[in-house]
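Just so it is clear, A, B and C label the chains in written order, and each chain counts residues from 1 on its own.
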Amino acid sequence: MELYTQLVVNGITNGAVYGLLAAGFVLVYRASRALNFAQAGMGALGAYVLFDVMKGTGGGTGRYLAGFGLGVAVAALLGLATERLAIRPLRRAPALAPLIATVGVLLLLQTLIILRWGGDLRSIPNPLPKRPWRIGRLVGFHSVVVNQSAVLILVVMVVLVSLLALVVTRTRWGLTIRSISDNPDAAAGLGVPVGRVSGQAWALGAGVGAVASLLAASTAILNPYTLFLLQIKALVVGVFAGLKDLRLCLVGGPLLGVVESLAGSRIFGHQVAGLSDSVGFFALVAVLLLRAGTITETLGDTRAS
Amino acid sequence: MNPAPAPLLAVSGLCSGYGPVQVLYGIDIEVHRGEVVALLGPNGAGKTTLLRTIAGQIRPMAGTVTVGGRPVRGLPPERVVAAGLVLVDEGRAVFPTLTVAENLMMGAQRRRLPARALAAECDRAYDLFPRLAERRGQIAGKLSGGEQQMLVIGRALLAEPELMMIDEASLGLAPNVAHFVFETIGRLAAGGLTVLVTEQYVRLALEVAGRAYVLKQGHVDVAASAEELRRSDLVEASYLGGGS
Amino acid sequence: MRASAPTGARALRTFGPWVAVAVAVGAYPFLVSPYWALIGSFVVVYAIVALSLTVLTGWAGAVSLSQAAFVGLGAFTAAELTSRGTNFVLWIPVAMLLSVPASVAMGAVALRLPGLYFAVVTLAFGVVAQYMLFIPLENHGTTQVARPRWGAVDFGNERYFFLLCALAAALAFGATLRIGRGKTGRALLTVRTSRTAAEALAVDSVRYRTLAFVVSGCLASGAGVLLGTLIQSSRSNQFTLFASIQYLAVTFIGGIGSVLGAVLAGALQVLPTELIRPFVEGRDSDVLRQFAPLLQASLLLVVVVLRPDGLLGLLRSLGVRAGLLQPRPPREVAYAAPSGRARRDIGFTLPDWDIPAGALAAAVGRAPSAEVPDRAAAGAPPALEAKEVSVHYGAVVALDAVSLSVQPGELVAIIGPNGAGKTTLFNCCSGFQAPGSGTVALRGIDVTCLPAHRRAAAGLGRSFQTPRLVDGMSVFENLLVGFHPRVVHGLPGEVAGFSYVLEEEQEFRRRVAALLDAVGLSAIGGLAAGDLPSGLRKVVEVLRALVPVPDVLLLDEPSAGLDPRETRWLGRLVQTVNGELGVTVALIEHDMSLVMGISDYVYVLDFGRLLTAGAPAEVRSDPTVIAAYLGKEALPV
């Protein structure tokens, strides 16, 4: 029992990163109907920028915060640039086109990172708390160990995603985003500069995702591959949230983390190789097929007259 | 002698279509300030294509479109709205996940009003459409067809247009609701709004329009005053008689 | 003597280039060092991978971000079979067999999800293959692949192995081209353009879609076997997501949708590294390894945004500009925006109807049928009968217990205002919509439960309001697809090239040519459908529907988009088809002149209900009909 509780707690804290990444991803989709496959890549570049700022230092807070801000800004700029150069020209193209464009950006970012920093493992000196907490007996649960930094990430996720959700639902800018998400042509017909607003959403979405990447890179090992693979987790959570509801990202991220955690453990005494990494796929397919009724175009592309 | 005032909307020699398919073969129409003009014609005649081309959603192949003397042909929809021309597209394109109030607010989005002024403007729409006032917190996707039609018209009003174009105002609406929509158009026109409306049901449109054009297969077949059209069977001949 | 010289010249033209290529490829490994023979093998193998992606996008319109999973499957199969000592000849077949379940599953998923979501699923699928299959296999030690021997031939020799790869590629490309250029390829393109149009031509879209996936998977896994044997190992880090992205990138850059583009793609995958090697060797291995993907990623972005038809498309248009190549209709690119050019002037206008009586019947090989049977002819069941068909969307009533009965040989029209439910009725008859209640019968047989393509095969033809032709195919090829309901011989015969299959194809071609000739449209037979002006597109769509001479033909607004002259021509065509060929016709129309001029009987729908039905003249002067259309009286309550 204690093991499972520990696994669940680990899953929740791991999943915080997924949820945050997914939130940025969903925002971008709502604003431009494009899946930003390069989002984790943009965050990764920001993480390496942070690494450059922090390497060789002792991990002072001030410096870290400055580097963090810079990293997020770089990612946001990348998001803006991608929207302007690769997405806006493809507004009238079929949905696959921007997807392939972002896939290209993903590959580009990975090669650039490896060229500049190499593919070796690195770590970022940082002032994040590293000591574990032992949470004592809570209402019948056994005590579990949880990293302070992991809790920090969880808190950051909850705060940021909630803020983002508030922005989307309560501000005029958010209203504009939602209207573009519902019907971009109608929005344009009312004078909304759809391209410009989408670009802003891309910047914001990439920036929010970058926070997740930077935090993940700070608390774990920095290498391009794992950071990029976070993208798939973000996708799964995003799809779970229907590519729409930011609050579901809050839930979906930790949920995926928990599922992965449990899947990686011993089930009936056996550990299924690779299951924890793959369980996201099964979850994705399950979610998509379950939701297929609402998102599929049916055979009826014949119009009534 | 004062020369006739320049029309608010002037379309001349407009040719337009979708990609390889040409739909309009040289349209000439005018709408003067304060008028209500109806565009009639059977399905496929090009009414929707015409409105969408004027609104900037479709790039025309040839011809000119001017609003208040300024050319708007080829401008993107956002700029056409800035010129004072708002299209209420067919199919009641509300923002389905936004509430009624939010839909209305989006109408005024480009005017960047402070909160108090915005609320006042929305109230004007509520006065015109009491049903909307009752439902201001409701999600627009759940409204009935008639309520949605009122919402899109109200939303367009909030963009403060000089000329409102309405496509297929009565499509899919129950008869009494359709009547109400046209009554509202009449009231708006009386208040000074210029309206260009397309409609399948001739009688309905002629109740409020002063003039009408009948489109047929991409060109203007008949252009006359409402009175003339009511008295004659020009329209019937155009719809059912076939052959120009 | 003079007779044989032209055929000799023609043979030289068709086979000459291929022979030249074969000779060049065969000589290549012996003209270069073993290292470059090895590089050549890589290019060839990656070309097959690119071909698999081309097939997937071209035939199924799907984009896969996990092709490396299939390639890896092949490589690991090779490793596994090496360790078991299995004969090399079996490696590729086994790998292909193993790939089939995955392909079928992906095809099934693709059918249910729009392209965007499908791409996402492939992404995750690649991860699963990586973590649950390749990494565990690698940890278990299955990684060595041995070059085979065949008698005295040791394929450890790079030169011989190149020839083996080239042979495999020749077979792969040959089979793919065979399928792609024949009726299966045409059917696949039609399915990709419009599933409904395909189903209306009796093409089982599910089966064809699945076929595309299976072929793609087999090609990729076969290439994987070769790749594994080439590098003599299979490692999980070769078949990652990034590998998949690279495959996709080079395929798109090379020019997706064309076979030559696949070869270019193979070169793009391999050659950049080789070209930069002499400058970087020894200094920085990262630069060496990242140069190719960097170049590929950059080019991909350029291609997607600026030049969707890829390098090949660019070269082709340069060739056309220089006068070296004939302009050819571009095959549709799955992810490119429609070109948006309005096409008005192709130098051809539809002539006035001038076709002698009996010519059409002769063209399709039928004796002109007897006179239209009297409506009350005893015995024969109605050609098409819809009974009490209702369709509801929640509270909205699209159709309310509408009944329709069309006698054999009749020509009926269905009219009514916008939104009356006419197309919905047709959709229920064709099988594109399941009615909430009511039945549909074709020649007395209940077809209510049959899917659309089966009804089409049973003799129910259909044309649509907006023409759904395959823009990239010629008019002739589009019309050939029309014969699908009459096709007898399936895919295996086609690939093998059996003579009876070829004969069937020749017969269809003859008939289409005769048809085009009979209606005076031979001049446009070779034009790309995408180049036609809207009126002619409509005409071709109608022609396609009547190519197989169905028992019942449903035409949805055939005159929409036609000018008066074209409408008259169409009217004569429909009348002739009905009169001479005995095809029962039901048409939805708004053009009253057409309706009144040619129909035997008219049904009027309004608000989903049957308002009235009768002879054209009665309906025309019926006050309720006039009211419905013009709203002159009070609107119906």
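We take it that a contact is a pair of C-beta atoms (placed from the backbone, for glycine too) under 8 Å apart; a residue touches a chain by one contact, two chains touch by 3 or more.
Note that the coordinates shown come from a computational prediction; the quantities given were computed from them, not determined experimentally.
> Have a look and report which chain pair racks up the highest count of C-beta pairs in contact.
Top of the contact-pair ranking: A-C.
> So which chain is the furthest away from chain A, centre to centre on CA atoms?
For chain A, the chain whose C-alpha mean is farthest off is B.
> Can you give the whole-Å distance between the Cα centres of chain A and chain B?
Here chain A and chain B have centroids separated by 43 Å.
> Round to the nearest whole Å and give the separation of the Cα centres of chain A and chain C.
Each chain's C-alpha centroid was found; their separation is 37 Å.
> Taking each chain's centre as the mean position of its Cα atoms, how many Å separate chain B from chain C?
40
> What positions in chain A touch 2 or more of the other chains?
Residues 305.
> Multi-chain contacts in chain B: which residues touch at least two other chains?
43, in rising order.
> Give me the residues of chain C that touch two or more other chains.
338, 418-419, 557
> State the interface residues of chain B toward chain A in the complex, per the touch definition above.
43, 55, 57, 76-78, 81-82, 86-87, 89, 93-98, 102, 105-107, 109-110, 155-156, 159
> Would you tell me which residues of chain C are touching chain A in their complex?
Spelled out, the residues of chain C in touch with chain A are 63, 65, 109, 112-117, 119-121, 123-125, 127-128, 130-133, 135-136, 139, 194-196, 199, 241-242, 245-246, 248-249, 252, 286-287, 289-290, 293-294, 296-298, 300-301, 304-305, 308, 334-338, 398, 418-424, 426-427, 432-433, 452, 464-466, 556-557, 588.
> Sort out for me which residues of chain B touch chain C in the complex.
Spelled out, the residues of chain B in touch with chain C are 17, 19-23, 42-44, 61, 168, 171-172, 175, 178, 200-204, 217, 235-236, 239-244.
> What part of chain A is in contact with chain C in the complex they form?
35, 37, 85-86, 89-90, 92-97, 99-101, 103-108, 110-112, 114-115, 118-119, 228-229, 232, 235-236, 239, 272-275, 277-278, 280-282, 284-285, 288-289, 292, 295-297, 299-305
> Mind listing the chain A positions that touch chain B in their complex?
On the chain A side, the touching residues are 172, 175-176, 178-179, 181-183, 185-194, 305.
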